[in-house]
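First chain A sits with chain B, and in the next complex the same chain sits with chain C.
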Partner chain A sequence: MANVDRREFLRLVGAGGVGAGAGFMLAESIKHPVEYLIPYPVPPEEFSPGIATWYNSVCGMCPAGCGISVRTREGRAKKIEGNPLHPVNQGRLCALGQAGLQVLYNPDRLTGPMIQNGERGDDAFVKATWEDGLSRTAERLAAARRDGIYVLSQGVRGHLANLFELFMGELGSDRLLHYDFAHPHPLYAANKRFFGEHQLPYYDIRNTRYLLSFGADYLTNWLSPVHHSLGFGHSRQGNDSSSNDGVRGRFVQIEPRMSISGAAADEWIPARPGTEGFLALGIAHHIVADGRYAGDDASLWRTALAGWSSGRVAGLTGVSEGTISRLAREFARAEPGLAIGGGAAGNHTNGVDTLVAVNALNYLVGNIGKAGGVVFNPDPVTGGSAIDRQANYRTMQNLIENARDGNIDVLIVNNTNPAFTLPRASGFREALAAIPTIVSLSSFMDETTLMADVLLPSHTYLEAWGDDMPQPGVGFPVGAISQPVVAPLYNSRSTGDIILGLVGKLGFNEAIPWTSMEDFLKDGWREIYERGSREPGDFDSFWRDVLVSGVWGENARRGGSVVIAPGVIEGMAVSAPRFSGESGEYPFILHAYLSTAMYDGRGANLPWMQELPDPMTSIVYGTWVEMNPATANEMGLADGDLVRVTSEKGSIEAPVVLFPAIMPDVVAMPIGQGHDALGRYARNRGANPIEILAPETESASGNLATSATRVALVATGRRAAPVKTGGESRQLGRGIVQSTGSRSAPAGHSAKLNSIPIIVESAVVESA
Partner chain B sequence: MGVSIVPTLKVLKPAARFVVVATVGIVAGYFANAAFFPGTRPEQPIAFSHRIHAGDNEIPCLYCHVQARRSISAGVPSVNKCMGCHLEVAANRPQVRLLANYWENREPISWVKVHDLPDFVHFTHKRHVAAGIECQTCHGPVETMEVVSREAPMKMGLCLDCHRKNEVQHGIDCWTCHK
Partner chain C sequence: MSILDRFVSGWREFRKDGYYEEFDYAWTMTIDLDRCTGCGACVTACQAENNIPIVGESAIDKGREMQWIRIERYWEGEYPNAKLNFIPMLCQQCDAAPCETVCPVTATYHNQDGLNAQVYNRCIGTRSCAVYCPYTVRYFNFTDHHWDAPLEQQLNPDVTVREKGVMEKCTFCVQRIRQAKDHAKDDGRRRVRDGEVQPACVQSCPSEAMIFGDRKDASSRVSKSMNDERAYRVLGELNTRPSVIYLKKVDADAD
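Now for the complex of A and B:
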């Protein structure tokens, strides 16, 4: 022991002790965590742990109304797929629909009723009970002037729309507005003007042989993108069907910035922004002048279209005469050819004129009411009039003015976010301050909800009862019931149940006797059941069948002759587009488009959507400005340079992305980012181009003309390279994509995507 | 005892000595933990005895773990299943009273998991029951246990030995279990 002295001994004892402790902790740390087996006190019927149950329901992520099948296990939703039986999406589902799970499980959901306890916008909410929240709201409603009550909802259809109508009827107010940023007001107005139709028709892309799309990004966000994608695939592959018997469909996309639909098309044609309607009339002129239209009213058309010769239209649009006549020939010969319009083309100040001209093309080639053409929809089975409640920009301005003048006592907002989707210049945020009571039914703390006094959070669509009749439909009546696929995660309630709660508090029970949305829905579907030919008294099995299959339909299509509204031919004209800002000061037209991932911004709080690379640029997370490389070169801007985008109404910052397939005097920005609320994933990321839009309106429909803002770009001297998953967009001689010249391709418009810089010649030549 | 290691310690430099003693400590600590706190015999919210149910009264395993033959998980009986018998049977025993309390409050019972496979293992009871494997093969003689403890190591070797012995088709392919 001589060599180990007292100190040394203590040191070794210490080492041994610490070592033993560390060893103990090591063993502890690699142990399985304790897990529990928690059986139900009383299990639900047909429940087996470990075995998945699929529920059919309706997607609530966008207005397309796709059917979904949700896989659940142990009472939890695990996966969302498309319902194969639903005629809209036929088993397919888009990325946003798949991400519905992240709405349900989002950590930033509002977990129960709350009441504002500080200044508005401070997020100083305190928890409250439903009893408290509902009676507070009911008190304010009871004390309010009748026309001082506004209800502002996202676009709702089916029986929830009916319930809102009943509720407003009892309140004695007619101020019920549905507000969706992307609602196609100009398309509705155009179909009304041309056909006198109240509903949108069904555009049968599936059976067409030639699709002429004026700005409608039908594969990404126009009306019903999943349905259109199916139709596109079918027509493109020349699948044998009733009308295109094996002929491969040809697709032409006319737009200033190449969208997904443009990239998927056979031909992409940039026409000067706002002149798409001129181009349509130029093509129509050709069809009539060539004698390809033989209707009784041919002479009327000839007179009406006399002024739209190819030469004049080529000058206005920047599309060559040769291209115009070729398009006219191809389109008229296709039988059936189909022309659609929307997106940016419909959102100019002359949008309705443009879309009416597009309708004229369909009329002239005689595809109305035929497969592969424009097929009229019957009215939805129920709740169809809700479409009239959709608020355009003028209606919203009216609301804003009323708020400022102190004419609004109570505003109820249901899952719509105008504070984000209206331009700053509208003054919506400021106007909210003048409303004494704001109640929000949103599931999330979005920009509008932040300004509310009472929060009555609604269920997500995966927890609530409801139904949906897709608009536009698919040519015959379709409906689907939305059923709860999981028990509510939090202390929220379905929108219908919240309204029924207020009904109870306000004593409207005599007129609205239902106590739950489920009962209301069931009674509503009893009426639908009675339309059918089933045995009476068998409603329960009908109800179960609709729930199980997830869809209901009727074999009833509209027939009859095609009638166009009187005077429409004589009045056929497209007015010149107006833009906010002088072209000298603001040299670029801002093309703000709906993001593939985030739609109008509602997907920004979903991590999957944030991480989804933009299909055209492969960018994730941010906002960017797409510029033609030639223009950027002239201005000395490089990929990733941070620029200030300034309109007459404001400015935002975003990095430049060189994008070969955009016109030189157009810059494009995706909508969806730039939130200052909506939770941790959405906040403080990118910029919102809607903010700087000028409040120009489409003249006929009153919709916000989102394509009518001119902007200037100023380099900030800083760089902020956007995050890309794709890396290099050029081939650099590697021959990754093999290509060969096409003899039929017109010289002026071949967009050589792989050789930067690219100049779209015809568009430059005649920029006035 | 200490005497025998002293010569060894003597030849080592003080720092190395230090390391050796600490390492011995770590190993000792590790096994002390494993020996005294094995986690294979956790305490349950109710002192349920498999010996009484499956042993003395010879209730078949699948009577209560009814999902085993049709699902990946065997399932634990719901509270109402327990009460199906215990409304009448042995209703006055203290542990059964405890159960009745859960039932009256419609409260679920948080049983502690004894046999647990990691999440990267795909195991299904259904196939093993269908193949006629006795429950006891993996779970041990549960019918003799007052408190259930984990007898088998539940490690990959256990699976592979059995799959080899029975010549299970694709039984030793990685993707059979890790998928």
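Now for the complex of A and C:
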């Protein structure tokens, strides 16, 4: 599994103990009803004052499913680090993951159940008891039409997903939706169309020698960024002569606006937005035409790709013929090369076509099922079908229409915020008004929760029991248990326990006999244990081991030959992208991207994330519009000029930032700010580009085509220079960042370090 | 002996070549710019570990940000050939630190591990050290900082919370070094093992761009890494002898 065994892990965490199942034991010791002058007159059992205790759990900040180790002192969480044993992140963690502590200790958390006591949206809530909140909800559910009950949750996996299924089964409604703004619907659809695969495969960036990324910002937000970063680092400099022949991986990024992954790449290639699929087919054409593909179906491919000559593709994409043929040559020669696609390229109206064409590249260079290529994942050990519950834009529109038509009686929302992450044009906010009862389980007063009638606030992920089976997996089944690392701060409950509370009120106990999420989870894991995972000892020691190490895995990889779906080669084509708005009136394509710090907006209430400078611009606390300097110059716009960005569906204001690596007819805006709720750090700051997106959908997957909106920019005549931490953005000959042409110098060459040698004395380390 | 004589003799004594090599450890960090992606995980890791305050938008606008480690970015070329280079910048823990010579109250000094240490309760806030630092990695507390309750529950009890009028900067996570030494002592070892101490930034780095260790141990990972032919020191011509060593980014398409 990971490269650290359990003993090693215990040693690594050194000082403190590694704990299992803290939270509830701690509850009493911390939340004494009276305060003592001398702390801990009765010493709690789980920790020694002054010594850190670490708990392993699962990160809940994005869907990647990294393992975390949380350092606690005296019952309080102090630091989140990656769990070194977890194969997804191997001890590492991104900025957003580490900011999870500010979710836990956020001053704007909902502290207990509340009932709306005024007009919706007024924030006129009054405190209630759990008994009251649950009874009200249960009453409404019992009185509702069966298909008038909707449950809309953030994407959940593992046993919580199973519990939702059981609950809906008892309610007799099939209207369970998971909704994540950034869920890669087109990628799932493309893998289904091309490979007939239900799950996403594992993309082995670590062992690849040549990565062609079509719009996937794999280092920041695509699928599993920490895992990809580990792979990137290894591919760059981790190869010595014993692995991968010491070849330094080459990375090519194709996207209209340079992302973090684009900056990290050796080559950044802007192709016209929406034509990434044409480029993939052009490269595929070249590979086949050059005779570099020798499979049995070579003639099929030749016919299918005949129309995609470099000349035609160059005209469509704006990428030169020479570049296309060079990319094809380099990619085919790399062995293994890997092509990935996503982000803006997948979010055009032709996104699935594009990603299928990217899959074709992988197939043609024969990297399927091989190290450094595309490796298929086995189904997650449990809860795998939850992925089918993911709601795309069409499903959400369906919900909105049903709400408008009065077909929804009760909507339960669990920690997802469509009022922020759906375009205004969707009519979601207005549709909410037509739903008689809305219950929110959110931990925060977000835009959607503001419209609710009953608030049953759930624990944060650091206080709750749960588990997670990361998707996409890492090529073999992995599971991790999420355990409470501190006692609950407030009168909230875990999502699972809230559902089980409703189960009790509705009398579903026969079918769902559990009384706590912990029991439900434990019983679920007993099944995993009994299925024969060949762990020594009884279940209790297995359970404790999983809690202590924070992760469980099975050595079960997928074998077998690669089969692609019939007819897929013959049907290989990419349709032309559609855009909302005429190019005359709306000259720019809006490229709205997930920001490093705030993801889809969920990080905006975390002060650390507000003060984390955007890596590309060093801007904090705001929203801005990135423009090509030449275009801005033509329009008479300067850095910091406030402009009105107008689409067919609305307009927002933001300051211009001159960005050297963006196409002249594209403007880019980060997603994340522009909240009108979500607490003091998020509210009334910046603008939300999702608001003005046109409701264009990706034709095959039904996903919102977030890259398909054209906008116009109008100067307001005002200035509002964004706050930056960075100074001069050019080196001016100072040689601060230096680069070298070659990877290795002749043997025996010693480090000069600007002519002052560092004296390295011989070791004085004693063997321990 | 006059003050000047004492100063000069002290200077000679403490600035002789190899002086710091006689100390216990020589903590060193290497940062591989070919691996660094600029993601900012190190920045947040540092803020969480070292109780770095949130200063707010208006303070940052005045140039009063607090980030012991930051990601500097430098553009090169113009569209469509623009490139962006990142470099994490933190206190370089210089062996010949310009900041140390200028402090009137010796609030910043060199300790036996080769660390450029800062004594908060000795600092009187002249900010001279910040002026002398060529890397501008020293941060001054212009105001007292406040954590909205219950955010203060996250504060690391191993690290002091600084007050108004005090200069602060990266310590190489001295609290972690201290702890590792204590463990070594408890285990009856004379020295800390290679890899036993990792500052928060190094620990978090998703692309494993940073290595931390003792350069006196020739077999340590950091010693090997700093002898890479790509190694260089930022503003090395100033002869400040940083303990942070960068490995050059590889430009595969350069001649």
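Assume the second predicted complex is superposed on the first by the 675 of 768 C-alpha atoms of A that agree within 3 Å, B and C clash if a C-alpha of one lies under 4 Å from a C-alpha of the other, contacts with A are read in each partner's own complex, and residues count from 1 in each chain.
One rule holds for everything that comes next: a contact is a pair of C-beta atoms (placed from the backbone, for glycine too) under 8 Å apart; a residue touches a chain by one contact, two chains touch by 3 or more.
Since we're looking at a predicted model, the values are computed, not measured.
Touch counts on chain A: comparing chain C and chain B, the chain ahead is C. When the two complexes are overlaid on their common chain A, residue A:421 makes contact with neither chain B nor chain C. Of the two partner chains, neither chain B nor chain C is touched by A:116.
When the shared chain is aligned, no partner comes close enough to touch A:442: not chain B, not chain C. When the shared chain is aligned, chain C comes close enough to touch A:92, but chain B does not. In the superposition on chain A, A:263 makes contact with chain C only, not with chain B. By the touch criterion stated above, A:621 is placed in contact with chain C alone, chain B being left untouched. By the touch criterion defined above, A:48 reaches chain B but does not reach chain C.
On chain A, the patch touched by chain B and the patch touched by chain C overlap at residues 15.
Those residues of chain A lying in contact with chain C across their complex are 14-15, 73-74, 76-82, 89, 91-96, 98-99, 101-102, 104-107, 219-220, 225-226, 229-230, 232-234, 236-238, 248, 250, 258, 260-261, 263-264, 266-268, 270, 489, 596-597, 607-613, 615-616, 618, 620-621, 628-630, 660-664, 680, 723, 725-726, 729-731, 734-745, 749-751, 753-756, 758-766, 768.
Here chain C touches chain A in the complex through residues 18, 21, 32-35, 37-41, 43-45, 47-49, 54-55, 57, 60-61, 65, 67, 70-80, 82-87, 148-151, 153-157, 179-180, 183, 187, 189-191, 193-194, 196, 200, 203-209, 215-219, 223, 226-237, 239, 241, 245-255, going by the rule given at the top.
Taken in their complex, chain A has these residues touching chain B: 1, 3-4, 8, 11-12, 15-28, 31-32, 34-43, 48-51. Considering their complex, residues 6, 9-10, 14, 17-18, 21-34, 37, 39, 42, 67, 70-73, 75-80, 102-103, 106-113, 116, 118, 124-125 of chain B touch chain A.
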